[in-house]
Amino acid sequence: MSIIEELSNRDRVFEFLTPAVSPVDTRHGPILYMEDVNVSFDGFRAINNLNMTIDDGELRCIIGPNGAGKTTMMDIITGKTAPDTGSVWFGSRHNLLTMNEPEIATLGIGRKFQKPTVFEALTVFENLELAMATDKRVIPTLRAAMKAEFRERIGEVLETIGLQDLRNQLAGILSHGQKQWLEIGMLLMQKPRLLLVDEPVAGMTEQEMERTAELLTSLAGKQSVVVVEHDMGFVRSIARKVTVLHQGSVLAEGSMDQVSNDPEVIKVYLGEEA
Amino acid sequence: MLPRLSPPQLAFNRQDIIMSILRSLTLLLIALVSVLSLPASAQEDDPGKALLNNLAEVPASRVEEAINAIVSSGDERARGWLEAYGNNRLSRIDDTGQVVIVLNNRGRDWEIANPLTGENMGEMSRRELDRIAINNRIRGQLEGILAMLDLNATDPDVREASAQDMMGKVDASLVEPLEAQLEREENASVRNRIEEALAIYRVGEGNLEAVDVLAGSLHPRARAALNEAVRSDNPALADKAEQALASIEQKLKLNRAAETLYFGLSLGSVLVLAAIGLAITFGVMGVINMAHGELIMLGAYTTWGMQQLLPGQPGLALIFSIPAGFLVAATAGIIIERSVIQFLKGRPLETLLATFGISLILQQLVRTVISPQNRTVVTPEWMSGSLVINDALSLTLNRLYVLAFALIVFAALMMIMRKTRLGLEVRAVTQNRAMARSMGIRATRVDIMTFALGSGVAGLAGVALSQLTNVGPNLGQNYIIDSFMVVVFGGVGNLWGTLIAGLSLGTINQLLEPWAGAVLAKIIVLVFIILFIQKRPKGLFPQKGRAAEG
Amino acid sequence: MTIRKHVKLGLSALALSMSLNAAAAEDPIKVGILHSLSGTMAISETVLKDTVEMLIAKQNAEGGVLGRELEAVVVDPASNWPLFAEKARELLAQEKVDVIFGNWTSVSRKSVLPVVEELNGLLFYPVQYEGEESSENVFYTGAAPNQQAIPAVDYLMNNIGVERWVLAGTDYVYPRTTNKILETYLMDQGVAKEDIMINYTPFGHSDWQNIVSDIKRFGSAGKKTAVVSTINGDANVPFYRELGNQGISASDIPVVAFSVGEQELSGIDTGPLVGHLAAWNYFMSVDSDANYDFIDQWIEHTGNEEAVTNDPMEAHYIGFNMYIEAVKKAGTTDVDAVKDAIIGVSVPNLTGGYATMMPNHHITKPVLIGEIQDNGQFSVVWETPSTVAGDAWSDFLPGSRDLIADWRKPMFCGSFNTATGKCGASAGEMAAEEAE
Amino acid sequence: MWLTRPLRERSTQIFLGVLFAALAIVTFLHVAMPEDSALYVSAYTVTLLGKYLCYALLAVAVDLVWGYLGILSLGHGAFFAIGGYAMGMYLMRQIGDRGTYGDPILPDFMVFLNWQELPWYWLGFDMAWFAFIMVLLAPGLLALVFGFLAFRSRVTGVYLSIITQALTFALMLAFFRNEMGFGGNNGLTDFRDILGFNLRTDATRLGLFIATGIALAIGYVICRGIVTSKLGRVSIACRDAEARARFLGYRVDRVQLFVFVVSAMLAGVAGALYVPQVGIINPSEFSPLFSIEVVVWVALGGRATLYGAVIGAVLVNYAKTVFTGVMPDAWLFALGGLFVLVTVFLPKGIAGLLASRRKGKQDEQDTPTAPSTTEATA
């Protein structure tokens, strides 16, 4: 019955009490670094010699028409898709191409999907609990106990995403916008160094958008944030630096005004918008 | 009990037979006339009667003589009698002692005919009838005798066949007449046969030249003869035969390889047939239809039903049951789709459970409605026997047809999927349901059609399988798992994959079988598939692009 | 009325409900029928259930026995081996039946055996089997290997002159044991090892191409070759089909089957099979009045003109009559009394002779060799001059050479070792339980 | 603490209460009541109930992986059977020289297929402790290897179901082979005693029945402990949104593997308790149909609610007992119909009905969380 003792051993210091700061080394240079990345699905070139760097604490917006390769790019960064060629570095130490999703996630890259994906069969509270930066290995997870400080932490996040009253509702019944928020909340729980946010404001009301904008901007600095968004208004409201993707490679980069005046961009992108 | 003949006695008899046959042939015309002019009353003094009674009465040990007596009588009805005798159709009526030919020996009352006049004598309780006993040994000799008779047939094929029957059956008594036959015979292949037949005998006699004749032959009996020669105490003969065998073995190797390949393909074709319907319902619609096997079963039972409707014409019935089987299974499929599956959209694992229930119901239905027993499905003439490439390599016809059938069905399906409107719609719906809908494709209708198609094809498989295996309530179960293996191995949603997977799995299985044994071979294949799925979770030919992710 | 009984039974199975038969007791003699009515074995076993029911009806028409009616208690073990044991217990413990007729497969018998022995019941087992067993409580009315396999092989050897043997069987204990016995027997007869080919296939094996072509090859070695088939039920159809198509006729390589009877043939187009052999102790085609009466009865009972009879049915016919006789003799249905009384009882079989219950709980049977005819029947081509007594322990297996069974006191032992002069443990234990 | 948590939870307390009450009542009625009393529970019934409990434990094991991980295993019969064989081998060795051939070492079937000595994998099974460890280890190991391969390469949904089916099918064929040395089709039978108790006495049967009940209780608590732990929630996360779970940093394959192995071991225990009670183990327990049937028990009882699995298992098997007696022909219709009706009209099973009854008062852990349907689309 030693297991039981083991389990009920209260004065054991659990790994997750030690703050989860990822050992990412950004002393010299960017936090994310992509070079000559190429991906093709049965002949179709989704990513084409993509080169991009994200600096530590930066808030970057990425825009581009459908099929420009935005989502694919995120897949590559998060380890979902392996590129055919090229290199992707997280900080100056971690070669992301050698890692799988969980490792990359624990390393400190959080991702919000285009289509909000939360655990519908779990409550809002539980969703956040699972997202919390703790020891994610099997046995510790089995033994994990709900400590007061966790409740506080979750409480704070609930505060930020404004879902306090819904904490015990199944995430399945949330509105589209609320799911978006919950997912963002889950990202916050992860305490990532780099957030990849795919179309965060789709299906949000005006004020919801504003709050999202505030949130994201407030995050920047502490963490690096990469936002993929179609809504130009929103992009303009948060963007400091904008990257335009087209046919899998960088078409233009710069401030919103620069890119939106770039003839190339207007042709392929804003042109369509207008 | 059974006759123990000493060869000389037999030889003596054979001598008679041959002579008499030749005589009988010359007498034929006269005999013919005589029988035409024969008044019914004159039956009493019909020599045939005595002959038959004799055959019926003599103790088993002297049956030969009785037979010979019949043959040498030159009576042209002899052949009919002997055949009837060979088929256990010669009986005698207990009380009158009259010998009769049994036309139909099913049920309690048997239909009989008079062997002399051929007139039908109506039915008679089997209690009243007493079968005239025959056994394999006598039957073997009968075949020899009848073969001799056939050597004079006008149709060269018949002559060749009979000459082939002679192989290994030749003995001293037959040599002379056969040589005579050889003189008369002008058809080359028939001559070859007769020569081989003679050679087999001569090798047995220790004749060296004869070995050369057999050296080229792949015929098992020739090999048998040589094998014996090898064991003979005449060293010269022995090692000559040895060499001959060696050369034959060389040829055989090739033939065996070809044979195994054929076995593999044929098994593969069965797998493909069984699986291809599933490839549609499972692969295209994502429905895990555990009742697929039972749909196959329905097809098989349709064949049986057809043969009941068209008694005596199994071939025709089989042809008809191809469309019939398709329709029956397809209808069943539609019913299943409407009554159950449509409620389980996008819940594949649930469809698995529901359809499993359906399969149980269908099985029990057949058990109660038809019978728990297996049903007899007759193989039509043109499908039984085998296509002889050479003496060592012959392809069983029924499997050959099934193989062809499988390929045709596959081709047809490809056509439907590629060329027809339905195929287009099906692909559209599988790619993106909502989009297809919005483009005015009636998705539900497409579902029904697809499922019907898949089920129908299962029905076709059943029709084919009815020619290879049991038609019974468990028919389906024996194929369902294999079918899933094939589909998954080939790559879901990919017909080509299913074809390749089926054929290759079949071949692998047959290649393994000789040294691994049937069971182990199957196990190995299963394990192989399991491991393969680990390597390539989406099978041989995975569905490409985003559609597959969905 | 059995229906009602079973509803009750269900309830009692739910537990905590009345054990019904306390009241219902005595008057009728209860005959338990333990044959699968569903599942894979239903094919073979359903007819046996009907047979017993028919026999019971007949017996009752004749006024039952000891002035008591007989009553059938039917349960369905559904071709599920553990369920056999459970249902046997149900019959004996809940229903308190006086005797059980049942089982087909060896495995089902093996699973029932401990139950019947524990609850001291009576079981009549009607199917030919591998032997190597003799239980105080079981009566084996089917053939033991020496009543089927060995005579058949003798026939092939002496009358057909077979020198080369293929022993093909389904991979389970009956073929395994039978082939072991035959192998030893053939070798004792001076057959060389390389002249024996043994092959096992799984249940319901359907692809025989390779094996049949092997047999063909094996048969072309210049010696007369025969196949001794212990292939089980379903696998036979494709097997014979393949034989026919690969052009192996009965006169080239005869196949003698031990598990193919009229029942199985009714599912095959026998055209290509004419002349192949089967060895049984009974054939439907046997020309005896007893048989014809039985057949008429059967056709009447089933109401199907095409209905066929087969060997296990005869076994039940014999077993049933033996039981009746034994009960009359003992004047009671008390199990132990009947067990004593039945030894030595002999009743007419359907082939015009008599069957006697031997002290080893096996019976005497004639052995018939039949040739398949185109009407799905067998025609008898050979039979043993006199009946053969079933041998529980084969003389051709090392383990059991010295064992004999005799259930008469004082020996009273299912596996008495003539070498050591001691009784095998299992039986000893039974005797011990007896004593308690 | 994850193990003790369920004990403080109402639903588990109720479940255990009912279970132990049942055990106590049956025991009492069997022991204290006179044979002829209307309330007497015969040894036959006790064993029957014992069998149901074994199935119940198996069903719980299946529900753990299917309900909470979305892994529809059509091969759990294999783990059940292997556990059974481990126990069977022990019981075989216990026969000792009391077999028909009186061979002190070799089981009867080996003697008459004249095997010379015991195959290596039979060694050690004469010792109870070894055998009982194997009961856990053998199925666990198989699950570990199989699961490791499958989950690592992300075989999920339909594909997984089908290869689990292939697994048990292959094992069935293998165990049918007499060369395997597990008695082929006849399997292992004619057991005498277990831990020195004679298996053919009612006392032993009662003991086994109670043991099974306790095993079920423990198994239930373990499963409950897992699903109410954070790991349980992670499992559900993996079930419903595998990718998301991965991006949160969970090693989905490890989670699946862990739960799968635990479940396999429970199945093994169920099998081990099943064998001495029914008195035989043979390859037909490996048959894919059996495994599918188990899944249907769970579906009927209600997925992702462990107690539902228990209800389903007991109900279906009780029905089976009754119907195979009353109307053998109609039985399969009934079973088949049940499958269809449950999946189509009762997707949440009986437990679902109960839950919807006591709607309103929600209790975080207790409410069965209906699995979403994305599971197979992987």
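Letters A, B, C and D mark the chains in the order given here, with residues in each chain numbered from 1 onward.
Following the convention adopted for this analysis, contacts are C-beta pairs under 8 Å (C-beta built on N, C-alpha and C of every residue); 3 or more make two chains touch, one makes a residue touch a chain.
Here's who's who by UniProt: A = ABC transporter related protein; B = Inner-membrane translocator; D = Branched-chain amino acid ABC transporter, permease protein.
All figures in this text were calculated on a predicted structure; none of them were measured in a lab.
For the pair chain B and chain C, chains touching both partners: D.
Should one ask which of C-D and A-D has more C-beta pairs in contact, the pair is C-D.
A straight line joining the Cα centres of chain C and chain D is 35 Å long.
Here the spacing of chain A and chain D, counted between their Cα centres, is 42 Å. Here the spacing of chain A and chain B, counted between their Cα centres, is 66 Å. If each chain is reduced to the centroid of its CA atoms, chain A and chain C end up 73 Å from each other. Shared interface positions of chain C, i.e. residues touching 2 or more other chains, are given as 38, 171, 200, 202. Shared contact sites, meaning residues of chain D that touch two or more other chains, fall at 173, 176-177, 329, 332. Of all residues in chain A, none touches 2 or more other chains. Put simply, chain C touches chain D in their complex at residues 3, 6-7, 9-10, 12-19, 22, 37-38, 75-78, 80-83, 85-87, 89-90, 93-94, 105-107, 110-111, 113-115, 118, 132-133, 171-173, 176-177, 180, 200, 202-203, 397-400, 403, 414-415, 417, 424-426, 429.
Note for the complex: chain B touches chain C at residues 1-2, 87-88, 105-108, 127, 130-131, 133-137, 139-140, 143, 220-221, 223-228, 231, 259-260, 263, 266-267, 270, 364, 367, 372-379, 384-386, 394, 396-399, 468-472, 474, 478, 509-510, 513-514, 517-519, 522. Per the touch definition, chain C reaches chain B in the complex via residues 38, 40, 42-43, 46, 159-160, 171, 199-202, 204-207, 209-211, 213-214, 216-217, 219-223, 234, 237-238, 241-242, 244-247, 250-251, 254, 263, 266-269, 271-272, 274-275, 277, 287, 289, 292, 295-296, 299, 305-306, 371, 373-377, 379, 381-382. Every residue of chain D that touches chain B in the complex is listed here, in rising order: 72, 146, 149-150, 152-155, 157-159, 161-163, 165-167, 169-170, 173-174, 176-177, 288-289, 292, 295-296, 299, 329, 332-333, 335-340, 342-344, 347, 373, 375-377. Touching chain A in their complex are the following residues of chain D: 1-4, 226, 229-231, 233-234, 236-237, 239-241, 243-252, 254-255, 258, 362, 364, 369-372.
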